[in-house]
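Order as written gives the chain letters A, B, C and D; numbering starts at 1 within each chain.
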Amino acid sequence: MSDRLDFIEHDDIWDKLNEECGVFGVYNHPDAPSLTYYGIHALQHRGQESAGICASNGEVFTNHRGMGLVTEAFNNNELSRIHGHISIGHVRYTTAGESKLENAQPLIFKYSGGNLALAHNGNLVNADQIRYQLERQGSIFQTTSDTEVIAHLISRSGLEIEEAVKNALRLIKGAYALLVMTEKKLIVALDPNGLRPLSLGKIGDGYVVSSETCAFDTVGAKYFREVEPGEMVIIDEDGLRSERFSGQTQRAICSFEYVYFARPDSDIAEINVHLARKRLGRKLFLEAPIEADVVTGVPDSSISAAIGYAEAAGIPYELGLIKNRYVARTFIQPTQEMRARGVRMKLSAVRKVVEGKRVIMIDDSIVRGTTSGRIVQMLREAGAKEVHVLISSPPVMNPCYYGIDTSSREELIAASKSVEQIREFIGADSLYFLSTEGMIEAIGRHDGSNNGGHCVACFNGQYPTEIYEDTKSCTEKC
Amino acid sequence: MSDRLDFIEHDDIWDKLNEECGVFGVYNHPDAPSLTYYGIHALQHRGQESAGICASNGEVFTNHRGMGLVTEAFNNNELSRIHGHISIGHVRYTTAGESKLENAQPLIFKYSGGNLALAHNGNLVNADQIRYQLERQGSIFQTTSDTEVIAHLISRSGLEIEEAVKNALRLIKGAYALLVMTEKKLIVALDPNGLRPLSLGKIGDGYVVSSETCAFDTVGAKYFREVEPGEMVIIDEDGLRSERFSGQTQRAICSFEYVYFARPDSDIAEINVHLARKRLGRKLFLEAPIEADVVTGVPDSSISAAIGYAEAAGIPYELGLIKNRYVARTFIQPTQEMRARGVRMKLSAVRKVVEGKRVIMIDDSIVRGTTSGRIVQMLREAGAKEVHVLISSPPVMNPCYYGIDTSSREELIAASKSVEQIREFIGADSLYFLSTEGMIEAIGRHDGSNNGGHCVACFNGQYPTEIYEDTKSCTEKC
Amino acid sequence: MSDRLDFIEHDDIWDKLNEECGVFGVYNHPDAPSLTYYGIHALQHRGQESAGICASNGEVFTNHRGMGLVTEAFNNNELSRIHGHISIGHVRYTTAGESKLENAQPLIFKYSGGNLALAHNGNLVNADQIRYQLERQGSIFQTTSDTEVIAHLISRSGLEIEEAVKNALRLIKGAYALLVMTEKKLIVALDPNGLRPLSLGKIGDGYVVSSETCAFDTVGAKYFREVEPGEMVIIDEDGLRSERFSGQTQRAICSFEYVYFARPDSDIAEINVHLARKRLGRKLFLEAPIEADVVTGVPDSSISAAIGYAEAAGIPYELGLIKNRYVARTFIQPTQEMRARGVRMKLSAVRKVVEGKRVIMIDDSIVRGTTSGRIVQMLREAGAKEVHVLISSPPVMNPCYYGIDTSSREELIAASKSVEQIREFIGADSLYFLSTEGMIEAIGRHDGSNNGGHCVACFNGQYPTEIYEDTKSCTEKC
Amino acid sequence: MSDRLDFIEHDDIWDKLNEECGVFGVYNHPDAPSLTYYGIHALQHRGQESAGICASNGEVFTNHRGMGLVTEAFNNNELSRIHGHISIGHVRYTTAGESKLENAQPLIFKYSGGNLALAHNGNLVNADQIRYQLERQGSIFQTTSDTEVIAHLISRSGLEIEEAVKNALRLIKGAYALLVMTEKKLIVALDPNGLRPLSLGKIGDGYVVSSETCAFDTVGAKYFREVEPGEMVIIDEDGLRSERFSGQTQRAICSFEYVYFARPDSDIAEINVHLARKRLGRKLFLEAPIEADVVTGVPDSSISAAIGYAEAAGIPYELGLIKNRYVARTFIQPTQEMRARGVRMKLSAVRKVVEGKRVIMIDDSIVRGTTSGRIVQMLREAGAKEVHVLISSPPVMNPCYYGIDTSSREELIAASKSVEQIREFIGADSLYFLSTEGMIEAIGRHDGSNNGGHCVACFNGQYPTEIYEDTKSCTEKC
């Protein structure tokens, strides 16, 4: 499972994450705001910068947004002031820079049709173009988020809400799992490529919708079905109905969700994440069978793959690396010497496990390589005789424009270095990356479409949508 | 590894913990306060209520104590105001009731010999008796901690500091890993039974001392040796020297440190905790070989034993239970229905892993049984066909008077119920506890003394020290 | 001087205030953000709910907004992150209900012309009408503030900024002292009636603008001149130039600024507030010469009038009522009995001053009458033989639509009760209100226009602008 | 009235204050903790560093202590957890250095007789000597407060509580207004010179005791009588009884309480503070009749004296100096230029009042002279033609050992400079200090004893108690 702590110490991993979000919605439940609270708490790994909930009792909205974790943003009884049977919630990523409450979601606004609340996970690729057009027409923008662009498109159309949303969806390009709430309806939409995960569940006489299925268990809902690419689902007093807003859909679900981002107890497109990771580990063994004494994974997200490798290899799986559960977001780092020690506050190698051993260290990915290098060094200092680094995904060589911020090509070590050069950089005895084909096969979705129905653009550069030139230079949105 | 989150949701586990602490000290290092900060951070799992550091520059003390985690107590640049080359630190347990800054350590006081700072892990069994005597003689007490009792004894003696400490140690009975700092010295002592762990390390030209060795790696120190039972170590400008304050010593190290409490990357009495737990899992298989499809452990403390069992049994080890990394100390629980759901905020069963399977669930211990019951139910709801609960320690039938608060006998389910009755209570298909002999053998200390040199009083009632009647009714100290 | 503490305990006074704000701006000073910080701090009495500063360095904006007092909103070094030589700031009123950061100003937005920041004191009377039109045209609104309406009007025009602002000013009606900042300009405007105060000052080679002149002394600026009704002042690299956006202007400055709201050390339209209040007291004596032993004023805003009355009457002025300087915004009020005592936490009568005396108690106004009644009772309990209440303004009988929220007519005691009925309600021996003519004369502006150039609508119902029906039912904006 | 804000900006005034405290107690009232909360809130001007309340329900104590103002220390519903019909509370001064919760009162401790809580206002002159003796006998000290010394003396005696307190009182020298609470009794004592104020009141069937009578009005109690010098009052289920613990008593009440420290609505030794100050102003006129146009006082503590002077002189009293009510404890001061401006955030001169005028500025005292100089400059910059500074007390030439910290002689400007030199230093046209005799006469206590029953040691060096050499060099206690 991914972990906010990574944001602090793992500079590699920090980059990967900083545009993700999580969304959760409820229709027709007396405890809708509480369910939403628990729901976004279960999605906390998808964003730690801010959290928000907006509910409707059929007439008016009540809402709260705050900075930090869900439990921090709602630490003052704010939940008790949110009422209604419809509710949507959002958790937003952490950034290195100044994070602002203004950017927290759900975004709430008033327009000629009444009140609207929007929660969005993903990244549009033509937001700048649309924003430019809207400004030309006199619109003002108070945030930098893509969500405000969608709000303007809905309001500008002058249509009834369902048509207005549909109209907006036809204009935007990119990745989006979108929740729109009016006083009386919950509207759910997924982009034509289904780049982000989004699932529907049932609870009592009502419905829930969530970025990941792990939230269903927490709130006591039952999995119902996936939201389909290019589908808009309207839930109101007439029940749930589905519309297609795009005729050209082809699933290209983000493979990084399986590799790293999602919680292991979630099923993404009905494939369990932990088991997919275990298969990634097995496949890794088939592609790179290394002789060694112990297999260890970098906690937490690489544990499943490590278990899979160990099982397939018949080599013992061990806790060779331990994570301190109390690592916080802020550290004092009084001296340079101390700063170097700082990384050891988070991870430690277990000497008695690795001493004198040939160690296979499984990690899910390498972005910049710095952290991997530190972990290899830590294992060596603890006495490891050999350290073989096996990565359960291919080299990340291209930026992501859909919400997983792997930043510019310059920072991606695999964009400029060969595998052998990376091995040298991180100081490993050997280094192997899983092949793209192996990864797709291991994830195990039997989808006849391109790349097995996954987006693997960061690995092979095949983007499932058009990419605008402007977007390439400007990707700082959620 | 144990985890503060357990305190909130796991009522079973809460009880186990609430009297533990962690201590860390440095002698002769220019960054002594920073090292101590990192040291007690590495010991955070031993106490989350409060944290404190006191340093001496050879002339005067500077110090700070605060509530909460180390990063919370020192969140305001307080560390930068603590200076010196000698330093001691302390983390204190969390309690359910009101926790007070007054009880935070190190305890600092002034007496005729100058300034003293004390940090203490453990629990005295004759503190009430001594306190009564001291009050008769006119002493006043501002806290309820045993540490204040020790301070009075030192001050009252009128002796030079080393003799004064030695004199005090001869009067107190029970469990203690004690650090005493004067302006110029660091004095370290362990009770005659060595009930609590305490290790010495070297760093540069100086020394460190820590409740657990995991802190040595964090600060860059090298393990030197254990503090011996009944030993007082004095570190000052003449170097390190050892004295025995008790002739009757016999190691009886707390077996719960191995089973549950210590960090897996620590070596307790030179035995690695993770490997000891893995052996507990193997031994559990030898004693109770169950036929099943998957083995899963309750995270985080039972993972090692689960891996050990799975390896020995040749059954796949799986992540059948996932822990949410973002569980905070405070939750809102608006309705009763929500409260029941609350436990699912912390743990969830992975349906695709356990559905239709015969599951072996390894846990380290059962205290009250409520949490175990909830986890079994969670596994069944996720579709487990059978749930076999295997515990990597014997039934806890007796209270601990040495700092692990397993409370009164009334709350210990094993004190009043048979194994079969407990099985029924938690709703498992079968339940097995490791035997005391098996546990001792698996931990693997080759110590000829009683119970292999462990305290197993909570399992078999054989207390290594005298127990005073009064103590039995009053154990709320650290 | 008015006082935030009033908001808590004085329910009368609370109502009076809750739509006021303060604005401050700087053009061309290297310390512009710091000057703005000190400036809005000096205007703190005009609003305690939130504070914000936005600066431009000629290229980009930096800003911060926060809840609470200026020192609370900027308690974390936020000021150090705001840079530029142009800057505007805002303090916003406190409300009883939930106050939101979303409503804090300056409002910052992006439109086709670049970035704009707006800070506004006052209340528009046709905001709802404009908002309705804008929504029809597809605009979305994220706040309920009039300022957002102005922002849309500016953006919609498609004109260059100066023309765009002028165009917007011609569309809005009501009270406004408005600051508009672009990357390179500071634009300042006052409504055609000059209902709110707004003064220009000079500092070094730059300019400052402030709701009240008291802020000039604090920052070391010199008073330059008033902004005229219907005037738009543009300050940029070409210096300061003035334009008239309205041909029909007639000053109608809010008389309540003199009576109650402004700081005594401010000059409003070049009339010093303290001296005006003293003249109100003198005039009160001329209209109502009461025989008594002592004159006392309700602190802090009625002290000046009380001194004036005492001087004119030749009766000693005494501190018969003392205000506790430490009254905070939040109180615990455990029991009903305690709640009644709560009011005594703020004010107390000085027994030795009033005991056995005939007391004249000067207050600046009566809105609902509850607080006045409590103070009269307090004086009686302290032994006052007679309590004569003299009010240095006429009875408030009509709501204010320009930013001083005297709420609906139902809550105004003078709207439904005669002076004699009010006297009975508050339990005074006699009660007298200053006449409207007397008030105008005493303030002392020698302006030939209607009501001496004051708005006295709340006293006599003569509103200087058109009032829209909708506005009457909806006045909750700033 | 004194004001916490002075601590920040007025370096003169800061010094005066930093050892004062306020105490309040209740016996036999169902709302004792709430009454105590309101009581210490009314005494807030006597100390802003920390606040605490301890109550007894006849069996056990409940208590809370926190940093900051009463409303800050009790901002989290802590009051609701304090129960009992007996209660004592304490507010403690602010210091420039690090303030610690450890030093907050009431001090609570356990001794052979049970539980005791102590709250103390004043300063002992032989605390160091007693502390030395106690340490010799093996006592440990955890704070630097005199109160802990008293606690040890009570505990050491081995006597019943009343005798034990009496015994302790006979050993300590200096200034103390002391409250001692046991499970069932409230014991109140005042030093033999009655240096600090302490009054008894009645409420229902119970009693209250307070440093100042202003707290009685707040809680609805009636003044009963003064606690006499050398008197110990015991209040328990047998009612209230009085004992004398010292035969040699002579009132020497601190004259600074009248001049500066106490609230104007308090009666100190049955003399109202506001009226006393007014008489100080009148007497000042008699001693120094200056020809001028306006009289103004430095707010808040010099307002009464200014009114008295103005009345006697027949010169108008004006608000020539205005205090910003929102000055907080912490300010950002980004540049040196800004820092100089900082003082203007607190006080401002009213130009229209002083311009072209001969101004008499009344202040209550001058300690270091820096602030006075700044205010004179401020008046001149606002256009004052002449500034005559008249001080309503004599020059402070000697340190206070009884709790008013006027620091060492070096910092007292009057200790090293003549009146003419001080005048020059502060830049006034003339400067006059009230004579000691005039001050005593004006306060108006008709007490035949020395100095009219006042302590005027800081003015004339006649200390009413013995002063120990050690004390002179070490006065940092409360």
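Quick note on the criterion: contacts are C-beta pairs under 8 Å (C-beta built on N, C-alpha and C of every residue); 3 or more make two chains touch, one makes a residue touch a chain.
All values reported here derive from a predicted model rather than from experimental measurement.
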Tell me, please, which chain's centre (mean of its C-alpha atoms) is farthest from the centre of chain A? D
Just how far, in Å, is the C-alpha centre of chain B from the one of chain A? 36
Distance between the CA centroids of chain B and chain C (whole Å) is 60
With chain centres taken as the means of their Cα atoms, state the distance from chain B to chain D in Å. 48
Chain contact graph: line, ring, star, complete or other? ring
Taking the complex as given, what residues does chain A use to touch chain B? 1, 3-5, 31, 34, 37-38, 41-42, 44-45, 48, 69-72, 74-75, 77, 79-80, 214, 217-220, 263-265, 267, 272, 274-275, 300, 303-304, 307, 311, 316-319, 322, 324-326, 328, 330-332, 334-335, 337-338, 341, 344-345, 348-353, 382
Help me check something: in the complex, which residues belonging to chain B touch chain D? 81, 98, 101-102, 107-112, 116, 135-136, 138-142, 151-152, 155-158
